[in-house]
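Heads up, the next two complexes both have chain A, just with different partners, chain B and then chain C.
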Partner chain A sequence: MAGKITRPRPNKDRLRRTMMFMNAQRPGLIKDAYIYGCDSIMLDLEDAVAVNQKDAARFSLYHALTTVDYGDTEVIVRINGTDTEYWREDVRVCVAGGADGIRIPKCESAAQVKEVEAAVEEAEREFGVEVGWTLLMAALESPLGIMNAYEICTASDRMLGCAISGGDFRTSMRVQIEPDGIEINTARSMMLLAARAAGVQCLDTMYPNLDDEEGFRREVDLIVRMGFDGKSLINPKQIAYVHERLAPTQKQIAHSEKIVRSCREQADAGVGVYVVDGKMVDPPFFREAERIIELAKKCGVYHGDL
Partner chain B sequence: MINAVGRDIPDYLLVDGKEVYQGRFAKDGQVLKRDAPTCVMNEKPVADKLCESIREACERCGAHDGMTISFHHAFRNGDYTASMVCRVLVEEMGIKDLRVAATSLGDAHNLLADYIEQGIIVQVQASGVRGRIGDAISHGKLKEPAIIRSHGGRPRAMMAGELHIDIAFLAAASSDKVGNASGNGGKNNCGSMGYAMPDSRYADKVVVITDTLAPFPNVPASVKCEDVDCVVVVDEIGDPKRIGTKEARVTQDPRDLMMAERAADVIAATPWFVDGFSYQTGAGGPSLAVTRFLEERMDAKEIKMGVAFGGITGNMCDLQDRGYVRKIVDTQDFDTKAIAHLHDCPDHVEMTVSDYANPASKGAYVNYLDYMILAALEVDVNFNVNVITGSDGVVRGAPGGHPDTAAGSKCCIIVTPLVRGRMPTVCKEVTTVTTPGECIDVVVTDYGTAVNPARQDIIDCLDAAGIPHVSIEYLQEKAYSIVGEPDPLKWEDKVVAIVEARDGTILDVIRQIKPYTFE
Partner chain C sequence: MVIEKMAMAGTLESSDAQVTVEPADSLTLHIESSVLNQYGRQIKATVEEVLARLDVTSGRVTVVDKGALDCTLRARVECAVFRSCDASMVNVPWGGVIQ
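What follows is the complex of A and B.
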C-alpha cells in the first residue's frame, strides 16, 4: 500500500524537548496534534489500544501518516512489545506510512533492538523506503533495561535515544511515585550516563497526575537540572513549561555569546586559556557556549547574529 | 444595492428612508429625535396595579390584533413568561397578527414557533433566534421578514421610533403592587434586568409579571413604578437553573485552552493592557478561559482590571472577589452565582442594554471597552463574522452584543477553532454578515492567529512580542485543505430576515432556505 513519503528526512539529533503521547486509534486526537507545538508526537499502538482494536489502530495510523501534513513535528510510533504477536505488523505499517521513528517498548537488550531493526529494514525494502530512513528509540521500563542501557543505545545506528518509562519501572521496583523522585532517580542517572556515553538523546518519563501542576513543574525542574533532553507528555497543557525550562535563559545566552566572541578573538591572537567576567575560560567552556547558542536558536529564543 | 460589506440588498426593502450599510461610523453625527411612549395621566391615587390574570392585564392595556409586544430574555432557556403570555393572547383572547419584539428568542419559546406556523405571529424582531423559531423563520413561515438587531441596535430602533412596542410584558423576580420590579428578591431570580429596562421606558404599556409580590416599595428597582401599568402575579416566571445549561466552568479541552492562552498573549502584548483596563468576554468555552490566563498576566504586570462588563458569569465574580476586578457592570447574568453576586456585592452593578451598547446614546459603555473576546460561527477573509446562520443556512444564533462590542472596542479578538466537524470556520465568504470585518481586529484559531491588516498597530505589537501570526487567507486555505470547500447553500428568493446594522441600515438579508436535494 505504501505511497511516496513526503515528510522531511528524520534527523537523529533534532530537538526533542517534548514528546506527546496519543492513542493512534483516535483520529480526533491525531489529525492535527502538531498544532500544540510539541517537538515530537508519539502515536501509540501499544497500551492505549485495546487488544481487539490493534488492526483498527494501524489503519488509523497509516491514514494519518499518509494524509496529514505534520510539518516539522516529528512523528514517532510506539509499537507493541517484541514479546507480542502484534509488533511485526506494527513495524510494517509504520514504515509503509513513513513514520520518522519507532519506539521499542520494554526494551531490555541489544538483541531486542537488533530484532526490531531487522524487521524495519525488511519493511523498508518491501515498501521501497530508503534503508536507514526509520529511526529507533528504546523505552527502558525495567531494572534490566536500565542496567543494559548502554548496550541498547549502541545497538544500532538508527538509535536516536532512550526514555525511561516510569509506570512499569516503579511497578518492577515495588515503589510508588514520590514528590522528589527518589524512587526513580538512580535509574534516571544511570540511563543519562549511558545515553551520554553512547552519544544519543535521553528522555524522561511522563508525569501522570494531570491536575497536579505544581508536581509536574517540580519534576520538570529536576530533570532539566539533571541534564535530560526532553520529556514525555500526556497533555498539550504540559508543553509550554518544558519548553520554557529547557530553553537557555537570556542571561545564559548573553554569557555564551561573550565567550564565543572573545574566544574567536583570542584564538586569532594565539591565546588558549583566558578570563571572561572573572572566570577562567578554556575549550570545554567554548564548546558549551556554542551548544547553548545552538540550542537557543533551535528553541527560537536567540535573536543575535552569531 | 450592494452595501459596504458587499451584500446585495433588494431595492424593495429600501423604502421609508431605509438605507444599506455604509460603514461602521457612517451615521456618526446623525440627528435623532427620541420617540416617546404614549402616556396617560394618572392623577387619582389607586391602591395598586394588580391584575387577577394575564388576560385582565392584556385587556386593561388594550391588547389588539396586529400589536407589537415585547419580552426580555434574562431567563434564557428557563423563560416561562413569553410563552405564558402568548398562550393567553392567542388561545384565550383570539388575538391575531401578533408582532413579537423580544430581546431574544430561543428553545424556551417553541410554542411561539407553533403560532408562527399557524400564521398568528406574523413578525419577529429580536437580537437572536434559536430553536424551532429559527427553523420556522428560515422556512418562510413569517408573513413579514424578521428583523435581527444587536443589543445596541434595539434601543436605538426604539429611540428612533422604528420599533414601537404596544405592550411590554416584563418578567421580574420580585415586584411590589405598583410595579417596582427587580431581578432579585424573588423565588426565581434572574439578576440583571438590563434587557427589560429600555423596554419599560419606551413601550406604551408595561406589564410586570412576577411570582414574588414584595412589600411596597420594592426598591432598589430596575423597572420603576412610573413606567408600569399593570402587575400580574403568577406561579413561576422562569427557572434560573436553565439560564445556562450549567454553571459556566472553565474548559479543560486542550484546544480551547491553547486558543485562550494565545488570546491572552495578544492582550498582554498590546498597549491597552494597563492598570484599569476594561474587558468583556462571552461565556463560551475558549472565551471564558481567556480570563483565566489573563490572571497570570495581570500578576506579572502588577495590574488590575478596571471594569468587566456585558454578560457576567460566576467566574468573573470570583475574579472580582479575589481582587482582580474593580467594577462589574452587568447587563445579564449567565449563572446563579452571578445572579447572587449582583445582589450581594456593591461593586457589581446592573446596567441597561442601552447604556451598554446603544449607538444613538451619548456614549455607550462599549465605546470605552479595551478588549472584547468573541466567538464566531464563521469568519471570512474580509474578517466579516457570522453568528446567526448555521452551516445549513438556518437561523440559529444571536448577534447579541457582538456587532456593538466589536465596533466599540479598541481590540476585538475572535477566538474560534479553525474547523468544526466538517465545516471550515474561516471561509471565503460568510453565509450572513452579522458583524462587519472592519470591526474585527484579531482572529485566534487553533492553527494560528491572524490580524486584520487594517490594524498595523496590533501587528507591530505582536511582532515586538515575538507572537507569531499568519494571514487570514492562510487560515482559510488551511481550513479548506482539511475539510474541503463547502458547496454553496441553496436559497429561494424570498427574504425571511433582515440583519440590521447597529445604526439601523441593512447589513445583510437572510433568504428562505431551499430544501437540500441530491443532484
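What follows is the complex of A and C.
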C-alpha cells in the first residue's frame, strides 16, 4: 500500500495563499482541480456532500487521490465533524489515498485534534503509510474554537495551521457579513495571534458573494494587511487577485534586498542599528527583509541573486 | 462479493456514470453511453475488471455513462456493489480490493 503514494512529502510550511474548496462527490470538479493554479485544493467530504452520498464520495475521493496527478498542488481533505458517524472512515480513506492533510471542521479543543490524530496514526499503521506523513489543520467555526485557538494549534506536531470559517462563526455570533469585516474582526485577530504564537499558518474564510468582485477584493486587502498567510476560495476566478496581493511588490523586494545586503556589511563591521533610505534598521527589520525575499522566491517574483 | 439487493451509485450529470446492480443467477452487463462507439469496449473492460477484482460472479449490472473518467467509473461500480452488500459505510478495504 505504501508504494501507492506518489505525491511529494507534505510540507507544513509550504506556501498556502489560496485553498480552493471542491466537492469530492463531483467527478467533473475533482479531475480539473489542479489546473487552476491554487496552492492547495480542499476536497470536501463534509457540507458539500449529502448525507446519503458520504460513502460514494469516499470511493470517488480514493480514486481521485490515487489516479489524478495534482502536481505541486497540495491536496487537503475536509472530513466530517468528530460528532458524526462518518469521520473515522473519512480518515481511513484520506490516509489510504495519500492525502497531504486533513481539515478538522468545527474544531473547538485540543482534545478533538488529539482524537483525530490518534485515528490518523492508526490508519497510517493500517495502510503502511509512514507515521507522521499526514498533516492536520483546524477549522475554527465557533466562539469557543476561537477562544481555544492556541491550544488547538499546539495540540499536534502535524498541525499546519488554522482557518476561520465565517459562515458558521457569523451564525453563532448572530451577525451578518459586513463590508468592513467589523463583525469578525476580533475573531480574525485572536486567531492570528494564536497561530503566530503557535508558529503555524493562519488562513481566512471564503468570501461567499461570488458576483461581488469589489467586496471580495476589499476583504482580500484587509486580510493581507492583517497578516494572514492565505484564504479559502470557492471559485478559480478568485485565485489571481489573492496571489497578486500576497506577493511582495518590486519596491518591497528592492528595499528588502538593500537591507539584507547592508546588514551583512554592517554586521561584519560590528554595527547593530543604522539607517537605510532614511529609515532606521535593526535586527527585526533584517528578519522581515529576509522573510520578504524568501516569500518573493516562493511566489516566483524574485529575480535577484540573494 | 454477492450482490444481495438492488443498489445504485452515481448520477446522470456530465462526467459521471450511474451504475445499478441487481441480484441475478448469472453475470450480465448492460452499458449505455453517449460515447459508446468510441469508448464502449474500454468501459466494458473497466467494469469487468472491477467486478472480477470484487469477485462478483453473478448479478445484473447496468451502466449509464455520461462521459466518466476511468477512475470515476471504477468508484461508481465499487460503491454500487458495496452498497448492495451494506458494506459501503465502514471498514472499506481501501488499497485492498479497492484500487
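The definition used in the following text is that the second predicted complex is superposed on the first by the 303 of 306 C-alpha atoms of A that agree within 3 Å, B and C clash if a C-alpha of one lies under 4 Å from a C-alpha of the other, contacts with A are read in each partner's own complex, and residues count from 1 in each chain.
Note that in this section a contact is a pair of C-beta atoms (placed from the backbone, for glycine too) under 8 Å apart; a residue touches a chain by one contact, two chains touch by 3 or more.
All values reported here derive from a predicted model rather than from experimental measurement.
Q: A:Y36 contacts which: chain B (first), chain C (second), both, neither?
A: first
Q: Would you sort A:S60 into first (chain B), second (chain C), both or neither based on which partner it touches?
A: second
Q: Check whether A:V93 is in contact with chain B, with chain C, with both or with neither, and answer first, second, both or neither.
A: A:V93: touches chain C, not chain B.
Q: Once chain A of both complexes is superposed, is A:F127 in touch with chain B (first), chain C (second), both, or neither?
A: It touches chain C, and chain B stays clear.
Q: May I ask you to decide whether A:P236 touches chain B, chain C, both, or neither, giving the answer as first, second, both or neither?
A: The answer is first: A:P236 touches chain B but not chain C.
Q: Which partner, chain B or chain C, is in contact with more residues of chain A?
A: Ranking chain B and chain C by residues of chain A touched puts C first.
Q: What is the contact status of A:G215 with respect to chain B (first) and chain C (second): first, second, both, or neither?
A: A:G215: touches no partner chain.
Q: Which chain A residues lie in the overlap of the chain B contact set and the chain C contact set?
A: The answer is residues 31 of chain A.
Q: State the interface residues of chain A toward chain B in the complex, per the touch definition above.
A: Going by the criterion above, the answer is residues 31-32, 35-36, 235-237, 240, 300.
Q: Mind listing the chain A positions that touch chain C in their complex?
A: 1, 4, 26-28, 31, 54-56, 58-60, 62-64, 66-68, 88-89, 92-93, 96-97, 127
Q: Spell out the residues on chain C that touch chain A in their complex, using ranges where they run on.
A: Its residues touching chain A are 9-10, 13-16, 68-72, 74-76, 78-79, 82-83, 88-92, 94-95, 98-99.
Q: If you look only at chain B, which of its residues touch chain A in the complex?
A: Touching chain A from chain B are residues 254-255, 257-258, 261, 446-447, 466, 482.
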